[in-house]
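Think of it as A, B, C and D in the order they're written, each chain with its own count starting at 1.
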Amino acid sequence: MRMGLFSKAVMLLTALASAPSAFAQPKELLIGALLPLTGPAAPIGIEERNGVQFAVDEVNAAGGAAGVPVRVIFDDSQGKPDQAVLSFNRMLDLHSVPVIITAYSSISLAIAPLATRREVLVVNPAAQTNKLEKASPFLINTIPLVNAEARVLARYAVDKIGKKAAIIYENAAAGIDGATDFRKYFEAVGGQIIAEEPVEFGQTNYRATLLKIAAAKPDFVYIAITQSQAAMADQIGQVANFPVGIGNTFSSPFFGFKSTEGWYQTGIQSGQLEPAKVSSFKEKLKVEEMGFFAREYYNATKIILKAAEALIASGRPVTGAALRDKIQEIKTFSSPVATITFEDNNASRPVEILQYRGDKRVLLEAVNPTR
Amino acid sequence: MTYLAVSHVTKTFGGLVALDDCSFVIAPGRISCVVGPNGAGKTSIFNVVTGFIKADTGTVVFKDKDVTSLSRHDRVRLGIARTFQNLRLFEELSALDNVLVCLADEAGNGPLAAMFRPFHTEAVLKRKKAEAAALLDEVGLGHKIEVPAASLSYGQKKLLCIARVLATRAELILLDEPTSGLAAGALDAMVTMIHTLKARGRTLLVVEHNTRIVQRIADDVLFFHRGRLLAQGSPDEITSNEELGRIYFGRGDEH
Amino acid sequence: MLYLQLFVDGVVSGCAIGLVSISFSYFYSVTGTFHVAHAGIYTLCGYVAWALVAAGAPFIAALMLAVLAGALSGYATQHVLYQRLADRQASPLVMMIASIGLLTVLQNIVAIVFSPNIVQFDMPWRVGHLDIAGVTLSHPQALIALVSIVIFVGLTVFSARTDLGKRIRAIASNAELAEITRLDPKRVFAYVLAISSAIVAVPAVLVGVDQAMQPYTSLIVLLTAVVAMIAGGIGSLPGAFGMSIVLAVIQSLSVALIPGRWSIAAVFGIFILFILLKPEGLFRRRFSRAL
Amino acid sequence: MNFFLSFVILAEIFSIAALSTNLLMGIIGIFSVAQAAIMGIGAYTVALLMMSGVPFFVALLAAIVLCAAVNVISSLPSLRLAGDYFIITSFGTQLVATAVFINWQGLTGGASGLFDIPLATIGGWTFATARQFVLLSTLCLVAVAGSFWLLMRSPYGRLLHAIRQDEIAAVAAGRRVLRAKVGVAAVSGAYAGIAGGLYATYISFIDPTSFDIHVSVLVVTMLVVGGARTLSGSIIGPFLLIAVPQLLAMIDLPSTLLGPMRQLVYGLILIAFMVWRPQGIAGRRL
């Protein structure tokens, strides 16, 4: 894994001096992983990195992908689109990878046109913005996008909670998409949005917003924020008669407060691996648990490797286009994490509805969203 | 024709009266010295004439044109230019550039021509450089063209100020203490310079402390005290006035 | 009732911003240094208190130590950085850029040493609240209002009534006068920044207790405080404090009327109007430093 | 090769942004931490026009004109009022611009940004790959640097330096100082517009964080490190500072702390240059 700075410099110089070679080395299968290893999203990026590394180590320990050893090239996107473009080019120039695993909507969107142009497969296991659905014929999403979750939640809310809703959303990509989609599907099934308030990313004082929402007296409030949920939960505790809240995958930190008892959230079904694997993961990577992102990136890597294995076994070159076609050909990938079906480039997976009851999150329903 | 007429100018700062109903007329082609003790309003009258402060009441008329509400740069273009007691040179620029940016000619002073008509601008630059160099020659700084203003001696800096004010082509020139702080040699050069300016048809208004210099250069003297113009007359009339002498040298002052 | 609650919340936020504003104003009017790094000291103090509480220190001790940390870092900033720059005849632009550099350094030291994430104080009492005539105030909010007013009055009295305060003001209004006051401006500037930084530690900690903290958000707080200072008249402590409350109340009430996302734009819109129409501010007394 | 070229392209784009900042901060002495915002306006203008079918060249011209106008308007308070107020105006401009990029969702796509911005095409030439685009960005940098050099050499450039050193004296010489400052603000805005337009078509994705205050501070850092006032300084700085993270990426040091660490290094660089070398590597004393 670890290379000396000198050998890297030599590689850089060789790559600069020679024209880029068109094909990957046959002796080794390379996978690129472009993750936010530094910056505000770094904790998640590191967890994602662990998931990818664990999957690759597992395959290598079993003799490689159809006998070919696998190596991951990690690169840091810093969570910034311009750095991602640099990293993308660095991976293709220095390593000629056929596939890149990414994180973050903006990063995936920024490299999507480059992927189309250079026919490199981009696999997105975590970002959910709807624009990713058709960003590039070379972009595969292994997680359901926001609209899938919102659709399930909207139907459930109308049936079981009420028809008058308010929305609090974070004024950033995930929050805006969440609010827009929820409104669309909720209104489509007969619901009505009576109030809507954005909050800023990084804001910690929500009092005015909460008061305004409570004053509108909705049946429930849909909350799509990705951080400082704890501060919001504290301040909700001070507002009399605050309506019940519902949220999406990002709402998990709301769980466990007195003020959020009885709230709902959707979640993407993401099961734990076999206990033996989990403990091996914790031991190898020296972490406390195998979290959501580690599992998802592990699973996405395994999907890529399964397709690559099939290609190598049949003696075909592992290119971006071939990988994509193979994934769609295999279509259904089952693992303890999830059963994923690719009708097109986008995974279709069950979505769960959970409720906070005391110290438990109770599973109310698991729905497979239909497109 | 009225050349320069200041009428009933009053200016107060807070409660302090800087100029109190001052009126005077200056004839063209003469050197008028503004004298008076510290705080008499000498610099204030300069500021009012050149537009650096706005008078509370009163008017300034230059060549039959009321300039009271004209902007500072418009007064320069009409022909009223000044120097400063604290010089205000562009210290980092060369002597040549100090003069060059003061040239009356507006050609080449905009960004569009500079970027899109480079050859034209180059020609303008060449012409302006020659013009500025000629002015530096005139004040005796021809050998210091490329030297940054900051590195000149104090006397040379004062001459550079003269070159700058000449560059504006103004015909009425206000010099704020041109000889202060000069050693004997430089002082004589400056006095000669002032006479040369007069000989070229310039009208000069000069703030001057040194009574001997006043005797050497002045055609008229304006005597200010506590914001009021006490007297205007020939140098001999003013110096022979004992009361003015008492005020000027502080003798008999009630404080 | 909604409006009353919004108004009261606005006043409380305004008190906290007011402390940032008067402490910035005090240093700025004495030295003329545009101390952007004040926001960095704000962040630092908040996290120091948070770390101490997390390590088991009683809250009062943590608050006091955070104030001390503020005073020390303020003193060091003037002594090590600004004074050195002033000795080299640095232009205000250079001071300002160095201050931006210091802000970046402080924020990231906090992220590295403490945490890059949003953190909350682990103290049960902070979620308790009072209900007074239908208006709800959390315990930390009540504390913010109380402490802010005490500190504001204290600094105003110190500056206007005490001998030392008057002599410091004399230095501010005229560098030559400084000689008569027999104070060494170098040392006075360092003390003034120490006092300012000690003051700014208080809202940093208390707002952190009330809500949550993040290393990178303090610049917005500072800019709002500076807008209040300018609108209130540079050099006037009551002006700065009062305008901070006015701005915060406007921001809070505006949420009920317009979408909250435009409130930053609104604050700066008000500011632009101010500097175009009334550049001397509302409560300007006397500020003779050449700007 | 693409990697090296994409590094060159980004460095060239930021050199243009640094020259824009240099005109304001270095030459005329107006503090600015809002050049990323102006660059953002250029980027959004080019992106939106191209996405509605306007050719690249026309879109870029529109961006240049719009950015010149916006830069003049936003620096108008600082042009009229001397002093520290414009520090706040500058911060305010940046924050308001970011708020507009985020909140004017109908136009800017809000926080999720605009993606799939078309490729730059001029007269049948398409600048798709890094190898092609580097021609375009180099051409633009040469044009901008050339105009900067011509400006500084002309009588106007000398006037700008004079105004920075003593505005009163420039007025006393009969110069229209306000007009000269408006001119330089317009040129600076035009440069930022070019930088933004290139950025939008090259990265093909823009969002509000691409042009936030951190980017403005980064541009100031680039300028200060390279050296204010000079042409070479504005080019050396961006090349150096964009290379730093690329070199860090060559070392296996992934950690949650590397991001703050890099920011910390930038901050220390700023302080160190201000204390020991305010003229930067190849500039003049600020």
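In the analysis below, a residue touches a chain if its C-beta (ideal position, glycine included) is under 8 Å from a C-beta of that chain, and two chains touch if they have at least 3 such contacts.
As the structure is a computational prediction, the values presented were derived from the model and not from experiment.
Q: Nearest chain to the global Cα centroid?
A: D
Q: Write down the chain pair with more C-beta contact pairs when A-C is set against B-D.
A: B-D
Q: So the centre of each chain is just the mean of its C-alpha atoms; given that, what is the distance between chain A and chain B in Å?
A: Their C-alpha centroids are separated by 74 Å.
Q: Cα centroid separation between chain A and chain C, in whole Å?
A: Chain A and chain C have C-alpha centres separated by 40 Å.
Q: On a C-alpha centroid basis, what's the spacing between chain B and chain D, in Å?
A: Once rounded, the distance between the two centres reads 42 Å.
Q: Averaged over CA atoms, how far is the centre of chain A from the centre of chain D? Could you give it in whole Å?
A: Chain centres of chain A and chain D, defined by C-alpha means, are spaced 33 Å apart.
Q: Specify, in ascending order, the residues of chain C that touch 2 or more different other chains.
A: 116, 259, 261
Q: Mark out which residues of chain A touch at least two other chains, giving numbers and ranges.
A: 40, 42-43, 171
Q: Residues of chain D that contact two or more other chains, please.
A: Those would be 102-103, 256-257, 259, 261.
Q: Specify the contact topology among the chains shown, as one of line, ring, star, complete or other.
A: Per interface graph, the chains form some other shape.
Q: So, with touch as defined above, which chain pairs make the list?
A: Result of the pairwise touch check is A-C, A-D, B-D, C-D.
Q: Which of the residues in chain A end up touching chain C in this complex?
A: Within the complex, chain A contacts chain C at residues 40, 42-43, 171, 197-200, 202, 204-205, 207-209, 211-212, 215, 227-228, 230-231, 234-235, 237-240.
Q: Name, in rising order, each residue of chain D that touches chain A in their complex.
A: 1-7, 10, 102-103, 105, 110-113, 115-116, 128-130, 199, 202-207, 209-210, 245-246, 249-252, 254-259, 261-262
Q: Sort out for me which residues of chain C touch chain A in the complex.
A: So the residues of chain C in touch with chain A come to 2, 5-6, 9-10, 13, 116-118, 120, 126-127, 129, 136, 138, 211-214, 216-217, 251-252, 255-256, 259-261.
Q: Considering only the defined contacts, which chain D positions touch chain B in the complex?
A: These residues of chain D touch chain B: 147, 150-151, 153-159, 161-162, 165-166, 168-177, 180, 183-184, 186-187, 284.
Q: Going by the contact rule set out above, which residues of chain C touch chain D in the complex?
A: Interface residues on chain C, with respect to chain D: 34, 81, 84-85, 88, 90-98, 100-105, 107-109, 111-112, 116, 215, 219-220, 223, 226-227, 230, 259, 261-262, 264-265, 268-269, 271-272, 275-276, 279, 290-291.
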